[in-house]
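Read from first to last, the chains carry the letters A, B, C, D, E and F; within each, the first residue is number 1.
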Amino acid sequence: MKQVVTFGEIMMRLSPPLNYRLSQASSLEITYGGGDANVAAALAYLGVPAAHAGCFPDNAVGRAAAQQFQHHGVDMRHCVFQGQRLGLYFLEVGASLRASRIVYDRYDSAFANLQPEWFNWDEIFSNAQLFHWTGITPAISATAAQATQEAIAAARRLGLTVSADVNYRRNLWQYGQRAQDVMPDLVAGCDLVVCTEGDAEDLFGIKAEAGAENSFVSMSQQLIRRFPQIQQVIATRRETQSASHERIKGIAFSGGQYHETEFFDINPVVDRIGGGDSFISGFIYGQLTYPTLQEALTFATAASALKHTIHGDINLVTAAEVEHIVAGNTSGRLLR
Amino acid sequence: MKQVVTFGEIMMRLSPPLNYRLSQASSLEITYGGGDANVAAALAYLGVPAAHAGCFPDNAVGRAAAQQFQHHGVDMRHCVFQGQRLGLYFLEVGASLRASRIVYDRYDSAFANLQPEWFNWDEIFSNAQLFHWTGITPAISATAAQATQEAIAAARRLGLTVSADVNYRRNLWQYGQRAQDVMPDLVAGCDLVVCTEGDAEDLFGIKAEAGAENSFVSMSQQLIRRFPQIQQVIATRRETQSASHERIKGIAFSGGQYHETEFFDINPVVDRIGGGDSFISGFIYGQLTYPTLQEALTFATAASALKHTIHGDINLVTAAEVEHIVAGNTSGRLLR
Amino acid sequence: MKQVVTFGEIMMRLSPPLNYRLSQASSLEITYGGGDANVAAALAYLGVPAAHAGCFPDNAVGRAAAQQFQHHGVDMRHCVFQGQRLGLYFLEVGASLRASRIVYDRYDSAFANLQPEWFNWDEIFSNAQLFHWTGITPAISATAAQATQEAIAAARRLGLTVSADVNYRRNLWQYGQRAQDVMPDLVAGCDLVVCTEGDAEDLFGIKAEAGAENSFVSMSQQLIRRFPQIQQVIATRRETQSASHERIKGIAFSGGQYHETEFFDINPVVDRIGGGDSFISGFIYGQLTYPTLQEALTFATAASALKHTIHGDINLVTAAEVEHIVAGNTSGRLLR
Amino acid sequence: MKQVVTFGEIMMRLSPPLNYRLSQASSLEITYGGGDANVAAALAYLGVPAAHAGCFPDNAVGRAAAQQFQHHGVDMRHCVFQGQRLGLYFLEVGASLRASRIVYDRYDSAFANLQPEWFNWDEIFSNAQLFHWTGITPAISATAAQATQEAIAAARRLGLTVSADVNYRRNLWQYGQRAQDVMPDLVAGCDLVVCTEGDAEDLFGIKAEAGAENSFVSMSQQLIRRFPQIQQVIATRRETQSASHERIKGIAFSGGQYHETEFFDINPVVDRIGGGDSFISGFIYGQLTYPTLQEALTFATAASALKHTIHGDINLVTAAEVEHIVAGNTSGRLLR
Amino acid sequence: MKQVVTFGEIMMRLSPPLNYRLSQASSLEITYGGGDANVAAALAYLGVPAAHAGCFPDNAVGRAAAQQFQHHGVDMRHCVFQGQRLGLYFLEVGASLRASRIVYDRYDSAFANLQPEWFNWDEIFSNAQLFHWTGITPAISATAAQATQEAIAAARRLGLTVSADVNYRRNLWQYGQRAQDVMPDLVAGCDLVVCTEGDAEDLFGIKAEAGAENSFVSMSQQLIRRFPQIQQVIATRRETQSASHERIKGIAFSGGQYHETEFFDINPVVDRIGGGDSFISGFIYGQLTYPTLQEALTFATAASALKHTIHGDINLVTAAEVEHIVAGNTSGRLLR
Amino acid sequence: MKQVVTFGEIMMRLSPPLNYRLSQASSLEITYGGGDANVAAALAYLGVPAAHAGCFPDNAVGRAAAQQFQHHGVDMRHCVFQGQRLGLYFLEVGASLRASRIVYDRYDSAFANLQPEWFNWDEIFSNAQLFHWTGITPAISATAAQATQEAIAAARRLGLTVSADVNYRRNLWQYGQRAQDVMPDLVAGCDLVVCTEGDAEDLFGIKAEAGAENSFVSMSQQLIRRFPQIQQVIATRRETQSASHERIKGIAFSGGQYHETEFFDINPVVDRIGGGDSFISGFIYGQLTYPTLQEALTFATAASALKHTIHGDINLVTAAEVEHIVAGNTSGRLLR
């Protein structure tokens, strides 16, 4: 099978053990993650060949970050080791009514300072079938945005499918360009997007029609009209009960049809970071595997539900494990 | 008080910390357990003298396994140290909709290679009142099955009560004999058995009568008819909500009467391994202590519920702690 | 802002990791706490200057205990280092239906052996606005009771507000005086008390009138009649579902009016120790900050709810974090 | 083989991980030990049946302490569970030029408050060959001293060998009697004593003769003259290079002869606590096993050297492992 | 006693446990330190009132860093919470022939971005006797250099003693000014400097005279001639045997006299970071305490030797503990 | 650069933390290693492309083992996932005079049960320059020996260099064939061998000539005469001082010349497992890099010395780090 390729920043995540606060911690658990690389790693666990292109400082910290993804089976040969620092984030894990809380320390990272010419997309995509990116990448720096643009262009030229999680993070866009100016051109090159009504409004000024029966459908129709390359719009609906209890379902609009799954109940949540990345990676797997969108959507949502039970940013589950959930085995009976 | 004696294999259990997966773990928490020895250990905590007969490799690993049960107060003097390896199992602890998962590595263990003549049952039972075994033991090897047979015969000859948890594990029976051929003779020597409708059908071809009001009663009646030594059949009913939430009640059939307890709600489950072993050990304690079967059954079920809050295979609770639950104190108010 | 000053014993708390039992533990997690000092520390996190007066053994253990409160921002300059030992308690943390359990080892501590003259209250209170104590302190020893008495007298003389958590612990009063004889004089000097109906009956023989619509109001009215200095009586109502699930609301009686908050749901509970201390500290903060008692009570209850999600005895939360809960953000959505 | 019986206090030892100081620690590693019980446990590992008589608080802490010695194979059936608290000590482990440091918190322990009549020595010694005690036990309280006296008397009456580690600890004797008044009567009943020149001078006023060629011989001769029951006086000579580097040799005087071993070099020292206890337990084993005192002394010293490489108070080594050292295999080559 | 005040950056230090490499680590031990703040903290342990002025990001990470120094007893009230990020460094701890290795990630920190006017030196020094700074501070940014300059000027004006550890770090000076241009003016205001021959040559172009009997004396003489405010030049001589074995002695030149101590042997080294900071803090303490420079120098060197046995950047030792070493007790005998 | 390929078993290694004994451990640190795969991983760190062929059980344990080597950068695509169990070994890490001790549990592993036809050597070697194996592999099972034979034949046919660490382990050869019968044919196909005098005598009956000036030279000459394909014989000389202190030098015989390095002193030893594997991997790197054998040998020995400071079986060091040691920087000065 050909590779899925992702592009984006990988950060070190530092979190106090259990539910401790930073002021109590004498050690921090570390793992590494990034919204796009998490998709590559999850796909590798699902059995889909995956590669990631990124940029790391050329020191022990950067090497360790890249190695973590080699561990997960991601082809990291297209990564560049250049620059000073790895982006970081500190995570305090909440519980019940106390929300988890992130303190970012990611500015001026090696990835932010990448040069677009370091990435030869024709070579990177030489054995690829799909390119996936997230809205975080072009938010990081002008060069990162440019490289994303070039990657999308190359992917289209080479006939790859392009998917994106538009994932608008207001606070990230600090290098002088507006998301509203940058993102439309990028999204225009995509076949599949993860996008909520909020993202569509913030980024593209698209509002669900007043009185629309289904705001997601209304938004999706307008989005596809605006960006006709898009075939599928997907998202998750979350009913967050508390920091420890989550309910999610998957929704999709494609070919004029609306699809949704049942809700999956996750109580307790072990780790909610990367829930969206596991959803899109599950959907990509699902589309490669199942005949219907409904099946792909259900697989994606079950995969995302499982992710909430896994420590770290990455969905360390096999396809068989997701299928076990899809088959309705959510009661947690011991498997021997 | 005279001893309760158990016989069977003790394994090392290795599990990643918290809910980590094996591929994430840089250390494994270890404990030791076995379906029969867990009963002995739980009884020791309840104040009933208990001994275990087993077989361990004569090395640091085998010694450590046996010492763990000395720690818990089990008389290990009848154990034999001979052979090459200790059986192992790896446990990934699940959460919410992700089930816990066991990978066994127990074949060709020191216990599997035991010689029946290493166990002098007359001596082992010289100060005993009850012998307990599980269906796992005769599943391990022909010599283990033979030793079980000899133990039951000796126990009957010496006037001990014999109890068994029939616990049919299809995958274990790999040494060339069928459970269906071996188990009937063993169960025939028992006064008390833990047996579900599924076990009865798989092992003895006993099916609850179609249309029976209570399938457990129907099964139990047939079982007792077939094995008239049996006085009591007991089991737990589980309503497994998720890997983190369990509800259990105890059921029993004895003297032509059906008994059951109310449901106990366990949320979250700390560790579900050994839940059945704590039930039968609680029942044995209950029968030695209380005038009625109903009281014994309630004690057993409360003990099993408490086990789900204890790390490891063994129910580290005192009789007073179980009685506290039996008395309805399940709201978890701090005890000073 | 002027300081809040507390007085009382700080103990080392030793607990097995996670939900382990003492017999399984090869290490114990340590933290330090005391019913009064916890109030000072929580106030320091809320931004209110706080000082604590206490007594520690003059060794590495005593120094470490005091340093922990310096860490939290409490002014410890009025503490005395004299005596032999630090009081201890061992805590086994329960789960679901298994209650948490404390074993105290606190007799004959440095604090119990304090001499009242070591504390120059005029100096200690020189920059203070409020003095807070708990019913635990006079329970420890005759000299501790006497020092409490002197502190209250000085506080009144210097025009400080005095608050108390009456917190009757039957088992503690072992030095020859009865709580019923000691406490009334102390409570008589207070403006604000945390007191339940049970405490009022045990300590002062005050029973809610038979048939009273609201037993707390009835009790509070009598309490204020008996101790006319008291302006406000507050308490929490707990609906303890299990060791892992708690519901609390705040109640208050003041100026002839009854107030209560809605229930806050905490599931799972991370650590319930110090829940009361976080309530009173939240209330003190609230009174310094908000125009109405209702707002102070809501802040106090939200603060206490948050405390149940924090490891250790002390409520390590900022005012902004409590306000976030007060504003209804209890669904635990990730904060970036 | 008949049992060796020991009598004395077992404490919980709490130490920060690695070389951390108490003020840095958020957890403490715990183990349990006592100068006499350590001897019993080490003998159990060496294959000598061993029992310990002691007294523990009847709570989870006391039970855990006793269980630890069951783990090690010591017969704890003669222990009494009565009283309030377990003695504790805090240990900061030093390194190189920084010495390890102990803070005791052991006064008023369950053991200190024992009643001599709780121990029926005739029964305790019914299957015993040797009774061992240390000078710490009579230092703890008047009742502990009396029980020691009664134990020695019973041991002599029943024909047991009696050994003692006189181990004078000035700070411990605080209950109103002087070591100099209590110890002579106790030592008078011993066959074997561990005693240094310093102990002999402090306790019995015995000074090595000025100009004696060998001060240990001179002291021993006087000691035996004074207490003619004593057959053997043994001790270790330490050349402490640093907290991390120790050199020890064993010395003995018996039958008019002086014996000594070569020096054993220990670098690094893993844990020096219990070095003396492992020496005397090794000597007891050696006397039961080898024909000559020189062999026993070498075994004892090698055992003590090995103890310095073992975490905790207790010498967790087999006789074969000690013999491996005695045979000169101190170069630490990997054993497969 | 009046305060010693320090000024400089505090960083988070992240290191894998034990001797692990970053690529192996799943958690990092954290502590906080800075060359100047370490001096304040060590002085607080020695009993000298100490305050630190610095700048931290106004988030949970910055608060935790400042709290760590409150823990150690440093007055942090003059610290400013403003800016985005805390400087970090990653430390891999070596062993034997493998050197420890630091990866810095400290650029653009909150401290680097400080505004000089945030520090009101007259107020900060209102109760101070000595101001200490290091050459790291002016290397960080132009504003940090300016603030250092202003602090020195204020200190001189207010009659404080000024001390400096010139500590030239070539790689740090990256903001556009040369150390050789900035440092002379700063050093000119100092009474006491830690300076090696290498530093003097690099910073001031001062070379020991060819053929000088004692290069340190030659350098010091020239240094004092150039900066006549300087009364004392001190340094340590290190004979680094390996990452695990260090030998140090103290040297000083003052009043025309050369002083040196004996070598202190540290084997194994627990943590070498902060060895220089503990030397100067010991010297400051020594000068406040002892009549002679030789005594101060010996105290300083013993303090620094002890630091090598302490985890973290800060010398967590009391004056009594240093004096114990000064008195020759370096053999590491257990202290009870 | 073309790949180096290794073939052999990878085991899980389980060791108690620090220097704990198995009977004390409540958790085990895990890592994965194998004599040949360690070479591949070390080469990957040195920058040489490396692949490993092996066989793992198709379960979570086997996957985790393989992933560990992906983490280190080894190409694992030629590994087969088939069979029941992963070989294990338990390691107790000794200290000073106590040796480290291994308990193997590796029989009947997935690797032992491999089928030679699972490995297509022409494909595996399609991009390779060197094949390395150890004497452990043919010792495991007949099929493993046959696969080794086939690999060597293919390697010769395809023009690869072949290297071997003959590494005779008497206890391993248990499947019915003698090492003395199997090994000669395998060694005959090698260009480079690691072989000591002991190995040569045990395996090939080659004894250094009596009176030979250099026994290694004498042995090597005979070995080369017997197996004329061999160009180079190398080995390490160890002067094991204790479990914590090692001295090693490298020796080689090639082209009629004897070479040796100076001794490297390692004190303390962090982890001695894999010392030999790091030597041969260093030598392979050295030969690919340096013009002279002496340089390669020095690099190899320095690499092996560094390995003793690294936790786990694998030498996690870069070429630059080894060169730093080769350049004489063994004093362990902090690298910033």
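Operating definition for what follows: contacts are C-beta pairs under 8 Å (C-beta built on N, C-alpha and C of every residue); 3 or more make two chains touch, one makes a residue touch a chain.
Small disclaimer: the values here were computed from a predicted structure and weren't measured.
Taking B-C and B-D together, the chain pair joined by more C-beta contacts is B-C.
Note: the chain lying farthest from chain C is F, by mean C-alpha position.
Ranking all chains by how far their C-alpha centres lie from the centre of chain B, first place goes to E. Chain D maps onto chain F through a rotation of 120°, based on Cα atoms and reported in steps of 5.
Mean C-alpha positions place chain A and chain C at a centre distance of 45 Å. Multi-chain contact residues, meaning those touching two or more other chains, occur in chain D at positions 21, 23-24, 26, 67, 71, 101, 268. Across the complex, chain A is touched by residues 67-68, 70-73 of chain F. Taken together, the chain C residues at the contact with chain A in this complex read 71, 264-270, 305-306, 308-312, 316, 321, 324-325, 329-336. Across the interface of their complex, chain E is touched by residues 18-21, 23-24, 94-102, 104, 169, 171, 240-245, 268, 272-273 of chain D.
Put simply, chain A touches chain E in their complex at residues 14, 17, 21-23, 25-31, 59-61, 63-64, 67, 84-86, 88, 90, 92, 101, 103, 105, 107-108.
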